[in-house]
Structures are given as structure tokens and as C-alpha cells.
Amino acid sequence: MTQVKQHKDPLLRIAKRDAIGRPKAYAIRLIGVLLSLLVSGAFIFAVTKLNPIQVYNAIFDGAFGTERRSWVTIRDAMMLLCIGVGLAPAFKMKFWNIGAEGQILIGGIVTAGLMRAFGSTLPTPVLLLLMAVMSLLAGCVWGVIPATFKAVWNTNETLFTLMMNYVAIQLTSYFVALWENPIGSNTVGVINQRTRAGWFPELLGQSYTLNVILVMALAIGMFLYLKYSKQGYEISVVGDSENTARYAGINVKKVTIRTMAISGAICGMAGFIEVAGVSHTISTSTAGGRGFTAIIVAWLAQFNTFVMILISFLLVFLQKGATQIASQFNLNDYASNIITGIILFFILGSEFFINYRVIVRGGKEGSAK
Amino acid sequence: MNNQIIQLIQSAIQFGTVIMFGAIGEILTEKSGNLNLGVPGIMYLGGIAGLAASFLYEFNNPDPSKLVCLLLSFLAAFLAAALGGLLYSFLTITLRANQNVTGLTLTIFGGGVANFFGGTLNTMAGGVGQISVATTSSVYRANIPGLSTMGVPGRLLFSYGFMVYLSIVVAIVMAWFLNRTRRGLNLRAVGENPATADAAGINVTRYKYVATCVGAGISGLGGLYYTMDYIKGTWANDGTIESLGWLAVALVIFATWRSLNAVWGSYLFGLLFWVYLIIPGLGRRDIALFNMLPYLVTIAVLIFVSLRNKKENQPPASLGLSYFREER
Amino acid sequence: MEQTYAIQMKNITKRFGKVVANDHVSLDIKRGEILSLLGENGSGKTTLMNMLAGIYFPDEGEILVNGQSVTIASPKDAFDCGIGMIHQHFKLVDVFTAAENIVLGLDGQQRLDLKAASAKIKEICEKYGFVIDPSKKVYNMSVSEKQTVEIVKVLYRGADILILDEPTAVLTPQETDRLFDVMRNMKADGKAMVIITHKLNEVMEVSDRVAVLRKGQYIGDVATSDTNPQKLTDMMVGHAVTLNIDRPLVENRHLRLEVKDLTVLTPDGVKALDGVSFEAFGGEILGVAGISGSGQKELLESIAGLRSAQPGSHVIYHPPSPDEPIAGTHAPVDRKGEELLGKTVRQIHNIGVSMAFVPEDRLGMGLVGSMGMADNMMLKTYRSGKGPLLNRKPPRELAEKVKAELDVLTPSINTPVRRLSGGNVQKVLVGREIAQEPSVLMTAYAVRGLDINTSYTIYNLLTAEKLKGVAVIYVGEDLDVLLELCDRILVLCGGQVSGVVDARTTTKEEVGMLMTRFRKEAAEA
């Protein structure tokens, strides 16, 4: 008769963890970050032959070496944070908004258009307000379109929002060509360079103070919204289980669309901050992949906007450092993307050890006699 | 036939070939239930690895052998891309990291690696735009002697490098594999319903790993074709591969996860992308709007598929989810 | 005589945590016979058979196949032993054809020869009298066709020991007859078969021998020809156990819910409820008995506004009259009664119907697993109060109160409820639902998976609600509890009401018979 092969338990077995204390979870993540820093250091060493201490010195120098560099680091971290804050409600609802890139661009296009059109007619504060509101609306529309299809026909939102990015990028190309300045440069150039109309004003002697204020306000506001508002509560319930949401009498469709309106609007706002507060121009690289990086920021922070501040700073800090090293050694600054990738891979991998235990099993169980 | 139209079709086929490789690889990956949004990064890895391998060989050998050039670049591209797939597999299958986030990270990482080393190669070659792997590129761009000059049909059908034909072969083999072999059937079951596949004695983890790595390797060939043939053995840090990579992801949806649909779909995308060539009097602005067409068409397909809700056209049912046996 | 045994299970024990699902069970299966494995829900039938199918691994005991000791650690091992199990939840790939599903996972030449497979399938079908189209997609199939595919899948792999887990639960009587014909054909072919069921008429009709499990223990076996439904029922339910649940009688009962001709379809278009009519009164506990899947879930969800019903169905709510004790806390509605069907959960709430619902799926529907007790307390009430912000004070106080009164074991009221044990999760859910001072309280399997003490806590809570004048609807599976806790028992069978009995005078046997449509035969026996 049939001979059944003996059953061996695998050497390593994986089981779900019931619960893990917060300190332990953060310790695991910290180990992940430290490992990633080691690997990034090794990568930089391999390319530049700088010894590790020099590497970290150079990174620090690149991020905070001068006052100007510190402000650029802060500015870029704020930008990443802003997008992350925008994505937080969508992801908390388990709605995969991969479309931040497009939502930023749409906000940016609207801002740039208004800046060009009304730069000489409207006073800057009025213009800023107008640009803020309109970019917000534009991002909102860009987010609501896929959300509506998701809510009504369950159209896959990951792929839909992804495609919307490229529609936005081509739209940006269109407007760059339309607003080209000077002719033949294939760029829009710095808008209102002379008058600085529609630019963020200097506050407290710094160009980027307003960026910081706006983004921090958004971050705090989003934290409060998610934690203390009725709508934030609805988002959590829908994200946990749509069945429970229906049981509680929550209109899931409405919440989906409303949340994506907010998410898209804040990403559109990020486009406004980038154009009016940072670059004063628009191009297809205005979003620059940060719409994707911010997804990872939001995800890793588990939608806690304060944790996002930390992660944004960590990423931008390393990117700036890598850029600095790259320019010192005449390498290009794509090195920073490699380092971002390495860090994120490690943090992603470390989540496993928070959610699962690995059980090492000796001996066999229940073998045939 | 109008010369312009011939050029349009030629451009469309070359453009389509890049994304067809990307899409066919991703179809294989997605059939195993893994949504790998790292396709752009993987195509980057394939492109740079192929280029770097042949560059280092040509750089150090005054008289490079064509066959070595070909093998070296081809294997390097496939392996580098498959390694990207392995990284993704390890994180999502073994460590159960979120697929979307891992894929996006891979895109950032792959783009970083490719452009970093691409820039370095450019520097080694003596400055931006100086890199050139003439011998290797000529192998990839070689036409069948005689046939490509045979009038209109020759120009339409035979004026391409071998990878254009290879992509079609891969598509056909993929369709055959998925639909006509036991392993293909098992793989599709893994992507549809891993618990059922597991109960039927299929090693879900192994199928996912192999499909994702091989799929990544095939996607990487798209990057190789792009660097070797499409831009003639050079490198440019202009982000084109990334946008083509996303178009490949779009093509997977457009083809409703069927590799044969990806063949004509990719050429259609190419036509839509280049159609402005035959419309007289278009400015750059209008071209930008025309280049939006492939994405709009994909959105339309996406909506149509969800509206029609036909089972065969849906994504693999477990796409994007990781499988943990004890959770059943 | 070892040779005639296809399978011998010796002293099999399986535990899930503290629950003993099978307690030293020994069972033999002979070649060329159909064995019925009989028992109530939760008696451990499916668990026992899953250990033959390689789904679970026994904690103790030995399994012999054809006289040889074997280890069955995976479904593949089971196939290798010639054992095939047809699960209640089909394991089929929807977008595949019948043939593709049948050959899935098999070794053999790489080229997939579906034609040859189809021919072999046809051969099997002809041999045993199945009818399937090998090229038909599973999603186009009826439940009965899917089941046929599962059976053929098992036969295709050469199984000669077949286990069918409640195969008739999803079939029409005609389909059931056809299945039984096929089973008899397979028996004639020398195959051994186990049919897990709790329908006595089927046991009598198809099987040669009956083995009975009760609460995880093996009660005994008997040749079908030597027994009758009455005796089997006795074996299955055992002697009535006195639970000493306090059951006061409320003299003054008021009509609260009137359900008329309620017909509800599943998403597949099958009638989950078919013309169900009954009344529920304030001041009584109405038990709902029935084999699982007889429409209990759909019944409660339709009343709660979570499911749409077919035209002609009615659920009328009669608000408490002013002289009732609970009247004060409830806004008066239209005195003639209010139709609830067609209204959303919010609308039902807004017209003043105070309905509490403890669903079967506690974490998937009743609670938010990732939130703590406090935040879960406001799931239905978070909208109260003006302004856009939540008022967390009342839910926090309520959480503390529920925690103290029901002895919920949790590190803090902010610990995600997903991390609590089943009993504590249920206390949180029931505590919240009762705290909203309902006029109707519906519970589905409120004590499933709970220990004795917690169960009694729940019974007492429900009885207390009854005394307040609340109409309690208690869907349960343990007949002993239903008989002692409830005032009346509504019995569902296949989506229809097969009877409403007075819980104080009925017997366990009567309810058991109603559950399996065996009233007439019972009277004759």
C-alpha cells in the first residue's frame, strides 16, 4: 500500500505575535534604521573610500553644514511631511492613493498659472490666498475622481491613481510648453523673478518660515482631525472593516470620497507650497518622486503625523548628506535615492519582526511509528 | 505607403517593445499574486546592468567580440533585474512587507542605482553623452541583411533589432506557459486563490518567488532594449525609463493580464504616443497632450473592466495580498 | 478482519487552546460502506475528519490506513493515503474550468493536456453517474455543480476513502437524491465513505452505519437498520442537562416586532430566508434555533437594516406604549407601527428605534479590532453632541463601567480589543449594546467560545433586559440553553420557519426534529 513520507517540522516556523509593547516595537525599528545606516555607510565607503566616520561627518555637513543647508534640509523635510500628511487619511482608510505625485503637480500648475496671470494685478497676500484655495481645489478634484469610481464601481484605486499621475505629468508638459520662458528653453523659468509677486514672503528673516508654519499647522491639524474628530473616527472604522462601518451606520461611499477629497486637497496644497514657496517655477519634476516617497513615510509612521516628522527628517537628512558627498567626489546625486531605498528596505523588513515571531524548532513531532 | 506612416509604425513598434518586455514580466509576476510596482526600478536595473557590462568589456578590450558583447549584456541585464525581483520577493513573500510600499521603494532604489552608475559611466567615458557601446549596440540593432531593404514590407516588418522579435516570442511563450502547462495552471491558481493552491499541494512560496524573479528578469530586458537599441547604447539621466516603466504597468491592466494582448497593446500605446508625428502643425504643447493618450486609454479600460465586472478580465484575485497559511 | 477497515482512528485527541475538540475518539471506517458521522454543531465531527484530510494534526492518537500506521501532515499526505475530503467551503478557483480545477497541483507531463483530462473526467462521471461539463467555469456553476467538481477532483486523484462534510446543506432535495445515488454507486465500487451530517432523514436514507459524537466525545455506533430517528436524536443530544438558568415570566408582554413574509436573497440569488413570519414581544426572550446556515444571520441583519429584502417583506416595529417601563427612554414613533425594511441603519436609529445587535462576527462587524474598549463604546453613538469633534468622556466612562461590571480582562480600556480573548471581546460587545438601553436586543451566538461563567453572565444580562421589557431575540446553537433561557423558540430550517414552540413545555427532541424537518416521523416513532 501507499507509503507515506515522514513529516518533518520545518526548522524555522513563523507565528503571528499576539502583542508587542510599543517600546519593543520601536527598538526593532531602531535596529532596522541602524542596520540601514551601516549598509549605506558601506555603500558610500565602497564608492568613495571615505572611512565611516568621515562618511557620517560628510552627511552631517551636507545636511546641516551651513545655515543655508540647514534651511534647505528643513524646507525639503517640510515638503515631504506635507505630502505625507496629505496621504495619511487616505491610507488610514486603506485607500491606496499612489496619486500624490499627480495631485501635487495639479496644485502646482494652478499655482503657477495664477502667479503668472495675476502677478501684476493682485497684491501678493490676496494672490497667495487665491492660489492656496485654487490649488487645494485642483488637488481635491484629482483625488475625488478615482475615489468616486472606487466607491461606486470598486475600480482599483492603486492603478487608477497611478495613471492619474501621468495624466498630470503630461498636463504639466503642456503648460510648460505653453508658458515657456525664455522661448526655446523648455522651462517656465522663475516666475515673477523681479517682482516676486505671489512668492512666499520672508518671515523672521527667513525665506522658508512660512513653509514651516503652513506644514506644521497641517501636520498638527491632521493629527487632531484623525484623532479627535468624528470624521477621523469614521476613517478609522472604515479602514478597519467596512462591515463594521456599515453596522455602525456609516456611509462608506461618502466617507471614501470625502477622505480622498481631503487627501487630494492637501497634496494639491503641497504643490502650492512647492511652487509659491520654494521653486517659483513649474516643471514635470516639481513633484520629483516625493509623492511616492511620502507614501512610504506615511506608511512607516502608521499615519501618526508626528512620527512622520521624524521619518521625513531622517530621509531628507540622508539625502542631503548623500548629495553633498556626491558633489565632493564628483558623483551624481542619485546616490541619495540609493540610500533612501536602502533605508526603506530595512525599515520595511523590520516590520516583519514586529508582527511575527520566528520559532526555531528542534525535534520532530508525530512521526510515523 | 506614406513615408511618415511607415516611420510612425516603426517608432510605435520600437516604443512598444520596451514596454512590452516590462509588461510581460509584470504579467508573470502578477499572475502569482504579487503586484510589483517596482517595474520602473527593475527596468532601470536591467538597462544599467546591460550597459555597464558591455561598457566595461568594450572599454577594456580594443577589439570586442560581438558574441561576448551580446551574451554579457543580456545576462547582466536579466540577472540584475531578477535580483531586484529577488529583493522584492524576500521582503514581500518571506517578510510579508506591504507589496505596494516595497514596489515603490524598489522603483526609487533601482532608479537611484541606475542613474548613479549611469552618471559614473558617463564620467568614466569622458563626460556626459560620451558613453557609447558601439559594438554591443550594433549587435542589438543589426537587421536581417537584405530583408529590411525590401520595400515597404521590409521596412515595416524587418527593420528592427532582434529584441523586437524576441519580445513577441516571449509573449507567445508566456501565453503558452500560462495557459497550456501544468506549472502555468498552478501559478495562476496561486495568484487567484493561494489557500486552494496550497490545499492542492502546490508550493505557494516557491511559485511566487520564481514567478517574481523571472518576471523581473523579463521586465529588465525592456530596460536593456531601451539602452542598447532605442537610445543606441548610451545613457541619459532623464527619467524616461521610469515613465516607460509605469506605462508597462498600465499596459498590464490594458492587456487584462494576457501577454498576447500586451503585444498589440504595446504597439497601440506606441502609436498613441507617436501619433503626433503624422499630424501636421503640432507644437510641443499638443504633443504633451497626445502623450497623455496611453494613460487615458488605460484609465478607460480600468473603469470599463470594473463596470463590466467580467471574471476573466479581473486582476488575479489575491493580487497585492501576502499569504500566511495559518490565517486561513 | 483488519483488512476490511479502510481507516482506524485510535484515541485521537485534538485541542484548540483550552477547548478539547476531540477527546480520545476512536473510529473505524470500513470498505464498501457509507458511515454517517452524526452530531450537533460543535460536537467535533469536522475537526475529527480534518485530521484525516491533513488540515489539522492530532495532538494524541494514531491513524491507520489499510492497517498501516500513517502520518497525515498535509492534504498531499492525505491524497497519498487515498483519502479525499469534500469541504463545506469549496476549495475551487473561480475563474478556472472544472477540468482545470480537477487537475490542479497534480504531477505529470508538463504540457497540460486538458483533453485527456476531460476524457478521464467523463469516464469517472459515467462510472458513478455524475453530470459535469469539464469546460464550464466554476463561477458559472451552481453550488451542486461545484460540489460535483470537488467530488470528481478527489476521485481523479484516485481516492478510495471519501469524506463529505455536510454535503447536503447547500443542495435542493432533488440534488440531494442525485448525490445519494452517486454515493451508492461509489459504495458498490468498494469505496469507503463518511458523510458528516446532522440531518436524520439523510442518515436513515443513505448510510449503513451511524457513529455519533457529542461534545467532542465518541458516543457509539449503530447499524442504520437497527435504529430510528428517535434513538439517534437521543444519542446525539443526550439527556437534557439542567443548567439552572433563572427564567422569570413577564406577565405583561407587548408586541414589539412583527416580521411578515420576509424573503431575503444571498448575493448568488439563493433564498436565504423564504417567507419568514413571526412576532417578537417585549418582555420575552425569543430563541432562534436551527442548523447553522439556516438563515439566522440573514434574519438578524435584515431586521437591523444591513440587508435588503425582497418586495412584499415586512418588518414592523411597534414602539413601547406609555405604560411600559422602558417607554420613558424611547422617543414615541408612529403608534401604528413603523416599517423598518428599506431604511438604513441611520434612518432606523433616527426614527427612534433603539435596536441593539450583537452580530456573530464580533471583530469583523460588531467591533473595531484595532481600537480600544473606549473607542469601541462610541461606535454607534459617536455622532452625538454638537460640533465636529468627538466627545470621548461618555464612552470612556462607559468602558470603565462595562469593564468593572462585566469583569472584562484588559490591560487598559485603550488596548486594542483584537488582543483580548474571545470571552472578553464578547463582553465588550454585549456591554455596549445593552448600555444603549434598547427596546429590541438581538444576539447571534452570544456565548460561542465562552467559558461557563462568562456564558452565565451573558444569560443573566439578557434576562435582566427581558425583565425591563426589552424584546430579546437570541440566536443560539446549544439546545439545552435555548430550552432553559428562552420563553419561546422559533425554529428555522432551510430559511423557513419550521415551527414556533413554547420553550417551557417543549422537549429537546421536538426542537431537534423541527431543525431537521422531522416532525411527522417523530410523532410516528
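Per-chain numbering from 1; labels A, B and C assigned in written order.
Convention: a residue touches a chain if its C-beta (ideal position, glycine included) is under 8 Å from a C-beta of that chain, and two chains touch if they have at least 3 such contacts.
From a predicted model like this one, the values you see are computed outputs, not experimental measurements.
A count of contacting C-beta pairs for A-C and for B-C identifies A-C as the more extensively joined pair. Chain centres defined as mean CA positions place A nearest to the mean of all protein CA atoms.
Note: centroid distance subunit A to subunit B, computed from Cα atoms, is 26 Å.
Centre-to-centre separation between subunit A and subunit C, using Cα means, comes to 45 Å. Averaged C-alpha coordinates give centres for subunit B and subunit C that are 49 Å from one another. Residue numbers of subunit A whose C-beta contacts span two or more other chains: none are found.
In subunit B, no residue reaches two or more other chains under the touch definition.
Contacts with at least two other chains are made by residues 74 of subunit C.
Those residues of subunit A whose C-beta lies close enough to touch subunit B in the complex are 14-16, 96, 98, 149, 153-156, 158-160, 162-167, 169-171, 173-174, 176-178, 186, 285, 289, 292-293, 295-296, 299, 330-332, 334-342, 344-345, 348-349, 351-352, 355-356. Across the complex, subunit A is touched by residues 35, 37, 87, 91, 94-98, 100-102, 104-116, 119-120, 123, 237, 239, 243, 246-247, 249-250, 253, 283-285, 287-289, 291-292, 295-296, 298-299, 302-303, 306-307, 315, 320, 324, 326-327 of subunit B. Within the complex formed with subunit C, the subunit A residues making contact are 1-2, 4-7, 18-19, 228-234, 236-237, 240-241, 243-244, 246-249, 251, 365-369.
On the side of subunit B, the complex with subunit C involves touching residues 179-186, 188-189, 192-193, 195-202, 311-312, 314, 317.
Considering their complex, residues 74-76, 79, 91-96, 100, 103-112, 137, 139 of subunit C touch subunit B.
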